[in-house]
Amino acid sequence: MKKRYETIIIGGGIIGASIAYHLAKAGKQTAVFESGEIGKKATRAAAGMLGAHAECDKPGTFFEFARASQSAYKRLAPELKKISGIDINRHDGGILKLAFTESDRVRLAAMAELDSAEWLTAEEVFEKEPHAAKGIIGANFIRDDVHVEPLSVCRAFAKGAKLFGADIFEHAPVLSVEAASGGGVRIMTASGAVEAEHAAIASGVWSGVFFKQLGLNKSFYPVKGECLSVWNDTIPLTRTLYHDHCYIVPRRSGKLVIGATMKHGDWNDKPDLNGIEAVVKKAKMMLPEIGGMKIDQCWAGLRPETEDGNPYIGRHPENGSVLFAAGHFRNGILLAPATGEMITDMIVGRPVNPAWEEAFKVERKEAVHK
Amino acid sequence: MKKRYETIIIGGGIIGASIAYHLAKAGKQTAVFESGEIGKKATRAAAGMLGAHAECDKPGTFFEFARASQSAYKRLAPELKKISGIDINRHDGGILKLAFTESDRVRLAAMAELDSAEWLTAEEVFEKEPHAAKGIIGANFIRDDVHVEPLSVCRAFAKGAKLFGADIFEHAPVLSVEAASGGGVRIMTASGAVEAEHAAIASGVWSGVFFKQLGLNKSFYPVKGECLSVWNDTIPLTRTLYHDHCYIVPRRSGKLVIGATMKHGDWNDKPDLNGIEAVVKKAKMMLPEIGGMKIDQCWAGLRPETEDGNPYIGRHPENGSVLFAAGHFRNGILLAPATGEMITDMIVGRPVNPAWEEAFKVERKEAVHK
Amino acid sequence: MKKRYETIIIGGGIIGASIAYHLAKAGKQTAVFESGEIGKKATRAAAGMLGAHAECDKPGTFFEFARASQSAYKRLAPELKKISGIDINRHDGGILKLAFTESDRVRLAAMAELDSAEWLTAEEVFEKEPHAAKGIIGANFIRDDVHVEPLSVCRAFAKGAKLFGADIFEHAPVLSVEAASGGGVRIMTASGAVEAEHAAIASGVWSGVFFKQLGLNKSFYPVKGECLSVWNDTIPLTRTLYHDHCYIVPRRSGKLVIGATMKHGDWNDKPDLNGIEAVVKKAKMMLPEIGGMKIDQCWAGLRPETEDGNPYIGRHPENGSVLFAAGHFRNGILLAPATGEMITDMIVGRPVNPAWEEAFKVERKEAVHK
Amino acid sequence: MKKRYETIIIGGGIIGASIAYHLAKAGKQTAVFESGEIGKKATRAAAGMLGAHAECDKPGTFFEFARASQSAYKRLAPELKKISGIDINRHDGGILKLAFTESDRVRLAAMAELDSAEWLTAEEVFEKEPHAAKGIIGANFIRDDVHVEPLSVCRAFAKGAKLFGADIFEHAPVLSVEAASGGGVRIMTASGAVEAEHAAIASGVWSGVFFKQLGLNKSFYPVKGECLSVWNDTIPLTRTLYHDHCYIVPRRSGKLVIGATMKHGDWNDKPDLNGIEAVVKKAKMMLPEIGGMKIDQCWAGLRPETEDGNPYIGRHPENGSVLFAAGHFRNGILLAPATGEMITDMIVGRPVNPAWEEAFKVERKEAVHK
């Protein structure tokens, strides 16, 4: 292990891997320190929806940032395939945000007015997806809210970074981060200290301690999501179905990925029986025939929630050597490309969209509304 | 592959493996033909309860046969350990057949009167198992209805048989069985014909075709059972909880095995979402805290049901070279030792309990009542 | 289950699934009977190379048939995606058939002369794949010998067939096939008899019994192949490496699939330690750095070999209602599309390439040379 | 989470779980903080040999401590079963330390002279284990070097501790340990600070950082061990075979556990192809027939090595509130009971064997010889 890098990333989930990829591509001598294995925590558990519209209630800065990131995936899919050999399985079916009640419909109204969305009556939904639940009154259809395979994206970023010269250390937990005596940053690992000009904290829900070590009092809360997958050998379904934070995502392998519960404050990443029961119930509400499909796997992951629900992406207010990219909650997969680019731009000194900088900075007073 | 054996068994589930073990131990040159892997169909899916009382509504011939088999396990556990090195994990906690309603209690009354059973009030149940559901009005406690690990039993029988000289052919489906021209039996496999003095059909729900090939018109029906297991790291539970054909079995590993649905006519051995949902619901009814336990695995198996619900154990009415041991429904694990002994006794010419012979013979008119 | 279909296929591996897809698409009322699960025997075990050149020593009829099938995959990939939603993951890197010795080079010479192949010196190989073994003297590069994901292809065919109206019965072993009294064919299953105008036998290595039941004395031999996969997180590798019947296939997920041993006469489909050791040794010979890669999975499958090494594809010589499509040995994935089309053409009465008909007919005297 | 406990253990492997069990049983209000899941790091990877003799070259203090711990397992097996319901699967076959060469024999001589060991000639070995390699010249047979299932032991300790009132926090990494301002100890976790009168550091190879935070400069080195298991369906084998740090352990399930490589400085806990190849080679040397057995699983774990090869068990030299129990290298399973008792005795003020205290204290100059 080298004792000094230009840039260090703490955390090898999809956010850290994206930062590493963009920094290494920009020529920075980069190292990633991951306490476990690349992408095997929250990243692996995600369904991979790029739900820029689906996860927003109305347009605004957050939505624009999400749209930029969603759009970056179009470019990244072939680029990562070429560089790393890994296909991120970008699937282009789009999302149907189902409305079962009038109040559902009202809640979808603001987003339905966008050019990128289209309100469909129940009949129009059934034309596209004849197996959607009979009880719906319509749906907001968003063609651009496609999905990817999160672990493949993360592996592709990490391998790409490596092939651009980065070092990826797995099983290498970081114990502390501090300002180095000669400028820059110093981290402590089980194998000794490492220094760098810049460090980016991308440790998801485990980021709080590093914030504290660096003098910032920000809390992160786990919101556990339990998921399962089934094999769909029987019906056509090409669009993601979505309702009330739950979804059925049709993978290109023929699997349907179903999620997810929202258990606040639960640090355990294994699904329990109550969670599985709740997910099955929601899935059957959206797609009754799913009840007869054979189960493939169950799992869970921890979404990193911040105090105001939005991620911290930006510099330490008093120490420009330290940057943060954590707290992406339900949107880590969606926001990974834009986050990686933004952190890289800040480190290499390229211009950054000032609205985004303002919205996601650590020392903000008010959160961007989602 | 030899072309001739003294005895041939078709089917390498727990019934076939028990027959093979007892025949090989009795000195017979024996071969088992299993279409897949030893014990990997219905055997593997079973929870392993030795529910002689639990699975009967009243005493009688079936119950006596079941008791004899249950008792044989006491002797077999150390014997199989010594011969094969495999521990069948016989667990001695007993079963609590829970009553939630007065009609539950009435249904349990006949068995509760036996010396081997004991009626407990709700308070007495909570003394033994404080986490049982608060809604119960009592339970029938049966100390002797212990449990074993089905796949370990089956592996131990098969390995024991092998060490006594038997041949075990896996991945060797039998296509036909017929009387051999020179006496005895002739079977056809993908690797050619094999003959024997005696053949025993122990093919579970797949036995019907062999019955038909041998001129007997008996049907077998699959009754699919879906199961799951969880890790119990939190509460003491040493007795099996049972209600309305569902159960929670505490394994010596710390797992709880939960089952099972009853899906008539379903040949598929994978669990679907409806099945998992139903099993979770039943388990939470008996043990509310199970809802918070982490899921381990889901699976399913096919119980072989006959027209009258009892197994066929005995000779072909017109051809003494052919014997049957199939259709054990929910009781294959429980009845395997007694079935293996009975078929062996018939083949080697030892006396057989005439009541059992009469009760389980193929050409019976009326079934033993369970 | 219906009692009568227009066409019945026995076997739900990739060959049977391809036939079902093409028949159902052609409007035939079709049923598939699979003893286990769709694609879970030899199909699942295959690496998925479309090695039209790689698996041939010289051009000829077999090669032409293989090329036609390879080329059909180009059309099928988008077609199956559209119809079934399943991506077969056709990967376009091509194969490098490595030569380590002069005699290797000589053996590759005949195929290297084809326009579709290109002989590369060692230096030229290293330009494309810098991590290939230093000891090579060159390689035959075949751009068209790409690969697919076998189980995805099979699932896509089966689901496509179903959406065109076919019935797919899993866990439905067929016990016998015979001429029906009123013309056509009659099969026997555990759930009763079913009749059809035409039946196609596509049961891989288990086909021999059906040939015998239909009066044809053809033997099929299992040739077990043991495989493993590793995660390649470190080096670029986009082309399949191949030497002496072994291969390293780079999947789009970042895995490398490595295979395979050739164990003649072994019916067991689980890998043993000797097999794993042999595969690792061969892989390290081709790609030394693979020794440091982390293992993902081990498995095995049974290739169906015929007496002369070529498949039987065609009609029963005396009963036009019965067709055969079995014995594809190492080439089942490659030949599935052309086999499915050829059997369909014969059944619906479309013209068939007479050279292929002659080469693969059941009653042939001499085999096509591979 | 409470803010204060009497005793805190950092690390939920078998050492930490044993300490927690003994402390909770002694009435201490105890909490365990485990960064991942209980027993899922080095503990799970171990084969579970209680090799008091096997792992020593000659008698002495280390051996006596190991013998005491080995002997404690006899008592613990029924005790843990009763309290937790979990069977630790103590198996009583003993170990055969094989000698292939004269120098092997010489190396075994010191231990062979003990009353608890017995030197066997090759013929005597074959009488016990007829399938041991023909090339041996003899073996040291140690009846007391039995084995247990490590993860079951760890689960039983943890569940037992919980039922005695302890709190077990999984997914709760500890970031720092320090003297509390008011006396006792203070740790920092992602969910805040917790204080206690005493803390025991039992973090295996990850302990070094805590030593450093507490002012002690001790290094820990990972020594990765790669293992695999196979199913033994064919031969009798009831004793562990051992040679040159490798072993074949016959489990009561019918599996053989085979290990292990020694890769110094490798933090990755996944096996690679080179490792698997090396383990297979060693296993075939001891038991040639193992080559034909079917593979079950591959895995790896990190043994925690200290500078002098012996564990640190004892108090911080300057702060009696902090205790250490780390660096058990290959002997964590064997030494867990005695370590748990010793740390508990120190905390509750019971007498401790002074020779052991001296031998394992942190501030020792010279190590006990193994």
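Order as written gives the chain letters A, B, C and D; numbering starts at 1 within each chain.
We adopt the following convention: a contact is a pair of C-beta atoms (placed from the backbone, for glycine too) under 8 Å apart; a residue touches a chain by one contact, two chains touch by 3 or more.
Here the structure is a predicted model, which is why all the values come from computation and not from measurement.
The minimum number of touch steps linking chain A to chain C comes to 1. Where the sister copies chain B and chain D meet, the same residue numbers recur on both sides for over half of the interface positions. Ranked by how far their CA centres sit from the centre of chain A, the chains are topped by B. Here A-B and B-C were compared by C-beta pairs in contact; the pair with more is A-B.
Note: centroid distance chain A to chain B, computed from Cα atoms, is 48 Å. Here the spacing of chain B and chain C, counted between their Cα centres, is 39 Å. In chain B, 268 are the positions where the chain touches two or more neighbouring chains simultaneously. The part of chain C that touches chain B in the complex is made up of residues 35-36, 170-173, 175-176, 188, 190-191, 205-206, 208-209, 220, 267-269. Here chain D touches chain C in the complex through residues 228, 230, 268, 270-274, 276-277, 280-281, 283-284, 290-295, 298, going by the rule given at the top. Remark: chain D residues 38, 81, 84-87, 89, 152, 155-156, 158-159, 162-163, 168, 232-234, 236-238, 250, 252-254 touch chain B in the complex.
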